[in-house]
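Chain IDs A, B, C, D, E and F follow the sequence of writing; residue 1 opens each chain.
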Amino acid sequence: MGCPITPHVERLVDLAIEEDLGRGDATARAEVIGPVTARADILAKEACVVCGLDLAEYVMTRVDPNIQFDALVPDGNDVQPGTRIASVTGPARGILAAERTALNFLMRLSGIATLTRRYVRLVAATDTKAKVVDTRKTTPAWRLLEKYAVAMGGGLNHRMDLASGVLIKENHIAITGSVKQAVTRARKFATHTVRIEVEVQSIEELKEAIEAGADIVLLDNMTPDQISHAVAEAAGKVIIEASGGIDTTTVAKVAIAGVDYISIGKLTHSAPSVDLSLLIEEAEIPEDMED
Amino acid sequence: MGCPITPHVERLVDLAIEEDLGRGDATARAEVIGPVTARADILAKEACVVCGLDLAEYVMTRVDPNIQFDALVPDGNDVQPGTRIASVTGPARGILAAERTALNFLMRLSGIATLTRRYVRLVAATDTKAKVVDTRKTTPAWRLLEKYAVAMGGGLNHRMDLASGVLIKENHIAITGSVKQAVTRARKFATHTVRIEVEVQSIEELKEAIEAGADIVLLDNMTPDQISHAVAEAAGKVIIEASGGIDTTTVAKVAIAGVDYISIGKLTHSAPSVDLSLLIEEAEIPEDMED
Amino acid sequence: MGCPITPHVERLVDLAIEEDLGRGDATARAEVIGPVTARADILAKEACVVCGLDLAEYVMTRVDPNIQFDALVPDGNDVQPGTRIASVTGPARGILAAERTALNFLMRLSGIATLTRRYVRLVAATDTKAKVVDTRKTTPAWRLLEKYAVAMGGGLNHRMDLASGVLIKENHIAITGSVKQAVTRARKFATHTVRIEVEVQSIEELKEAIEAGADIVLLDNMTPDQISHAVAEAAGKVIIEASGGIDTTTVAKVAIAGVDYISIGKLTHSAPSVDLSLLIEEAEIPEDMED
Amino acid sequence: MGCPITPHVERLVDLAIEEDLGRGDATARAEVIGPVTARADILAKEACVVCGLDLAEYVMTRVDPNIQFDALVPDGNDVQPGTRIASVTGPARGILAAERTALNFLMRLSGIATLTRRYVRLVAATDTKAKVVDTRKTTPAWRLLEKYAVAMGGGLNHRMDLASGVLIKENHIAITGSVKQAVTRARKFATHTVRIEVEVQSIEELKEAIEAGADIVLLDNMTPDQISHAVAEAAGKVIIEASGGIDTTTVAKVAIAGVDYISIGKLTHSAPSVDLSLLIEEAEIPEDMED
Amino acid sequence: MGCPITPHVERLVDLAIEEDLGRGDATARAEVIGPVTARADILAKEACVVCGLDLAEYVMTRVDPNIQFDALVPDGNDVQPGTRIASVTGPARGILAAERTALNFLMRLSGIATLTRRYVRLVAATDTKAKVVDTRKTTPAWRLLEKYAVAMGGGLNHRMDLASGVLIKENHIAITGSVKQAVTRARKFATHTVRIEVEVQSIEELKEAIEAGADIVLLDNMTPDQISHAVAEAAGKVIIEASGGIDTTTVAKVAIAGVDYISIGKLTHSAPSVDLSLLIEEAEIPEDMED
Amino acid sequence: MGCPITPHVERLVDLAIEEDLGRGDATARAEVIGPVTARADILAKEACVVCGLDLAEYVMTRVDPNIQFDALVPDGNDVQPGTRIASVTGPARGILAAERTALNFLMRLSGIATLTRRYVRLVAATDTKAKVVDTRKTTPAWRLLEKYAVAMGGGLNHRMDLASGVLIKENHIAITGSVKQAVTRARKFATHTVRIEVEVQSIEELKEAIEAGADIVLLDNMTPDQISHAVAEAAGKVIIEASGGIDTTTVAKVAIAGVDYISIGKLTHSAPSVDLSLLIEEAEIPEDMED
């Protein structure tokens, strides 16, 4: 319900503001003299799912509290090229100083929401129960924001961090010795508030996981055929998630194979940014602007 | 020379570590009991330009100073799928805790270096003077790192921030009234240590910029033909940079059109991550590992 | 496996160091002139469970890296009054400056571990399956540390934060309308990696929760009799947790009533500190100590 | 005059907010959909001295600036069980997200104020000049807040940190050689804006301290009898403070023994939290709340 | 256009507030009881250029948001002794707590602006093209503020940091071998958005720099005569800057010698503070102020 | 005993490093390619008291941990022009990057120590008991460092912050009504660990202060004659401090007038920096340094 702006996100925004305008704006300093007020639009230059407008407003007003930012569409909406998604009014210097940072946030989050929606639609078209979820392969320091963008695109969120779910992977199994031992140990030691998920490479490991009492099984890098086979084997006894190398050409097949969840790293680590721009529409320039 | 790890970057890493393992690691806590030591490899799962190994080492040792991280290739090297790019030894819990964050940094920076090199090679093949440069369209809070990745990929860096160069864009011209006035004002007010660059939309604006004394002209969103025309018009009187919508299918044509610099936002805002993984090769498990 | 010293904990320690010695140490400045080296012991002045020695070492060496800190017992050990739990050697000024802050951390964490162990032993004596767990009623900014102390005392940890488990409480039910609707909604919208727990005030709500598919039911403020009744009603279909006003006089009865988990806020919000002191045993004073 | 909310306290609050809701609120996310507005009360569930309402307001509005927080009693007031101490109105999600953190602050500070008042009343009943003061045995990072709570409970504050007073303790004397030398040195080197206090273990040391010119003498761990003797010996030449192991059964005797100040570590390091709760009284739920 | 208050400056202000009033205000706590409201003036006690009023306002309202701060002159104005430069109204405790920190900022920045104006006027009187610029010899952590003060005094700013200009100094030449090689290398490797400046010690090095294509030459520690000679030699082919040991007795001669820029470290590293004071003019004291 | 490097100071250093080299070093990047190692000296270019070498070392190694920094004189020593005060060895890039920031710290602190010593010597020559002390008129965020520099110069430190001493000034008296009431109130409400100092404007106020029980009286802006008169009046009943407009021409007269302490704001707010430079003496350049 609105982009999360936690203390963590505020620290990220501060880093972003510092890196771009922490030494001042050499261009605006020369070009914009005196109290010029401007009205600008943020425009979508391609079709996309908009995401991050609250954050863009936060960035703009963090740079200059006199900026008035009006979102014109809600996060999560599909827009066509040319759509005005926000209107910005205030001191021209502040708007120009904050422009790039605000757009960079918006372009990235909208890119993730847009790509997520594409996957969600491909899966929805299969009319199966499968749901698209994200992973922890997010841009470092951006996780909360990127998971929000996935949600805005219509995807679900997998665990937020290493504490909010047990997910036993290949490396853990290498240490504990077997899927069975790993799941047994998790059942014994893990906090009772989280579920136990285990990554399996084969039908044998899947059986082992079910017997040991896993709640969720992650099928790693299997083909749609292998997945179907696994789903049949599981017979509803565990939640089934598929992951690994799934893209727009295969996601529907994976859904049809019968899984509950399809987790896709690309949603967050490889979504191209959406092209947006900020255009000054009007500027009120004091007559005596010094030359 | 080596990835910059400034106080800013350290703060970014701290945000990243906090978001993933700030509440502990529910899985490792259940699975890895007692002082298990492991040796793991970081492997390239696709061909790429490696970038960010110093940073990955910093992340790993920030999580657990007892981890020993050995980079096996230098940043900027091309590697083939399957290449071991680093070896990691130390407490299994620390390695598992830091794994995802370290990989997420490496995957992103290597992705940028890899994409940059692709553009650099396309331009190099034209045997022109053109050089590939980045933009300020970087992931907020990541600029210094991403510009480093561009450099490792063989690209050059455009200005680091709003203070390290004057770049007069459409919005500034909208305020000052004309290219001429904007450049004149910059000549008068800008710090003498930076050059003055102006974005132009037409040959007329190009002429105006040259007459007004711009040092660099940025041709915005022009076709290769328009660019050739502009280069001829400029006749060496200014440095020529082209930008806007250039991709792998057009970059060589833009180079051949005779520009000095080609700036490409995609290098940083839309580079897909490179697929890397960390695999535990050996684990020394104490006999009495409690069950 | 060692006290967690994350970036968050480091920031807490920095606040603690700043508040006590950020303006310098007026006493040591007058009393300790020249390079006096000292050896000191940290002593338990009452029987307790020791907890936080790694953190105390971190505090001491953060104040002065030349301090050598040696823990003499592992965290989680029971010790008798008079036991030396750590030995500290180094510059006397650094030791005196860090003393209070390091002890304050140790005294608090040991207090929590000690109180937890008391509850754990009372429950263990019942020879039931019941386990003692903590709550989110922790000292603000100290949660990770205090949950670690609970674990060192032998307790288990409930969810770490609002993201690592769904726990539907009275206030949520007030908004959604009924236990049933609340659980149903959680089943539909919650991340699949966490379990769904619901707080109930009566047997009716318990039944409703089970029917709606809750994973865990929290019996709020019930008497041991009511709890027995609820456990019978649940008949193993859900995990049962009891909470609310349980103290050392009632905890065994609650365990015997048949619950799986007993969560106790007092473990963290009302544990008295353990009395510890640091005593300088030897000081090497340079002859020419100025007077 | 209101709870101090300095940059330090703000950083502490940020740590607290991050640790509980930095990854979002899994429960509210599922249960509270759409713009639900709620009105809630904060209630005292036991008799106590209220403390920290400004801070609770700060926490609530830091989480969501749209929350309206109204304190219904001033800090320092005694309240009976069942008293409404604050009223909170605003977005239900924000209130639920901030609830635990705000209560945890309030419960702890109110616990300290309540315990302090108990000691203050025991001393007041003796009708002596003795005053209850705190120590530096505070929760690390919480000192300013806890000392404020002591003041709200009616106690006085001892020095705030190592810089705001000279207090020569056993360890300093071990280094300087004798009480006399220690005090002499302090007289010579300490800043003239602070008083010189020295901890003594015996009447002999007391005499030595007085002769050497101490301003305040701290009687460490003495019985009421020993204290009376010491007070007689001092004969008004120094301020007398007693400390060490004083509890509710002995504090009146110590006061009657004639001291000026009684410093009590328990006020801050072992005060049990006061039981408070937040209850939603009304919620305005939009009709179309999605299911 | 107003004093820059970036995240960096905010962090500096927080350090300043913490260091002075982070443990509270022992005097105001005793003297100002109850809600006393005051009106105070900030007065110039000597002739000066005022600088930093926005920042003083920020400091005051950061300490207490109920303070109303009204600047009575704009930054950059010359004022006479006794001039009221700001009026402050609000809670007396807040004003007294913030007074010293706010004044310390104002006194320092006004000192820099005042000294800069003195140099600027000496140069202006020569009726030459020479301009006064600052250096990187600024108070650590204060650069943005001090460069703003230089601008308010009428000076220009040299590069903001190591990234916003290439300035080859003696030490770089020691490494590269010669002025020529150093400039050539800079031409080849430096970002095209910045100019290349080189420090020279002699006419020979000046020639070498010009031949190698430097944009700006910095004459280091030359006498006015040597400078005249260098200017003649340069013949307009490069921008000429003079630096090193220039003071109020020599700056006019350097200007007359024909340079473009005169850079002066003293502007920022040795400007004496301006004497300002805050005086409470009126205080509204509640009748029942407790005694 | 060494320059204090607290968490606060570390944050200040981080701000300083970020502001100068947070975007990289454009010059060194072009000039210093490959692993060049250098040895440099830090030289005093004028006679001064050296101060801040530990801090300079901290700055250098914070920028690059491979730098070896050797202080050649202890803080507080007088040195002649040309003296080598430190030797620095390590990667040339790191040394060049850290140079300016390290020198800026050293130059400022040495400037304060040097000016302080000048005052201390003028007072010492009077052979009176008077001592030179500093004030709270320090550079915001630098107080601990600047007070250390005063101490290194031979001065004493007045209170560190608003909490470590009660100092009743004109503005407090304006609120409380009279010197007498102000002191009486302080006696009643102030922490017993600090002394009570009151600023007086006249002999009448001085008498009032003494009668009311002040510990220290601050004579504000009095002439040496007035001061003598005040000292006679005080007759040893209070500590006497003089302040306000005292400079090198008057300080000896004030000392002779019989005061205990002379506090001087100029020590910290108007000390000119000392001229220091870093010179590379040797550089080991790899043969294949790329051109």
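A few notes on this one:
Note that in this section a residue touches a chain if its C-beta (ideal position, glycine included) is under 8 Å from a C-beta of that chain, and two chains touch if they have at least 3 such contacts.
If you're wondering where the values come from, they're calculated on a predicted model, not measured in any experiment.
Interface comparison, A-B versus B-F: the higher number of contacting C-beta pairs is recorded for A-B. Interface repeat of C-D: among B-E, E-F or D-F, over half of the contact pairs recur, by residue number, only in E-F. If you average the Cα atoms of chain A and of chain D, the two centres end up 43 Å apart. With centres defined as mean CA coordinates, chain C is found 34 Å away from chain A. Contact of a single residue of chain E with at least two other chains is seen at positions 8, 18-19, 21-24, 26, 29, 33, 144, 160-161, 163-165, 167, 191, 194. Residue ranges of chain C in contact with chain F, taken from their complex: 14, 17-18, 21-24, 26, 33-35, 93. Residues 133, 156-161, 163-165, 167, 191-195, 197, 216, 239, 241, 260-261 of chain E are the ones that touch chain B when the two sit in their complex. Residue ranges on chain F touching chain E, taken from their complex, read 8, 11-13, 15-16, 18-33, 36, 38, 40, 92, 96-97, 99-101, 103-105, 107-108, 111, 136-144, 161-172, 174-176, 182, 185-186, 188-191, 194, 265-266, 269-270, 272-273, 278-280, 283, 285, 291. Against chain A, in their complex, chain E makes its touches with residues 1, 4, 6-8, 144, 160-161, 164.
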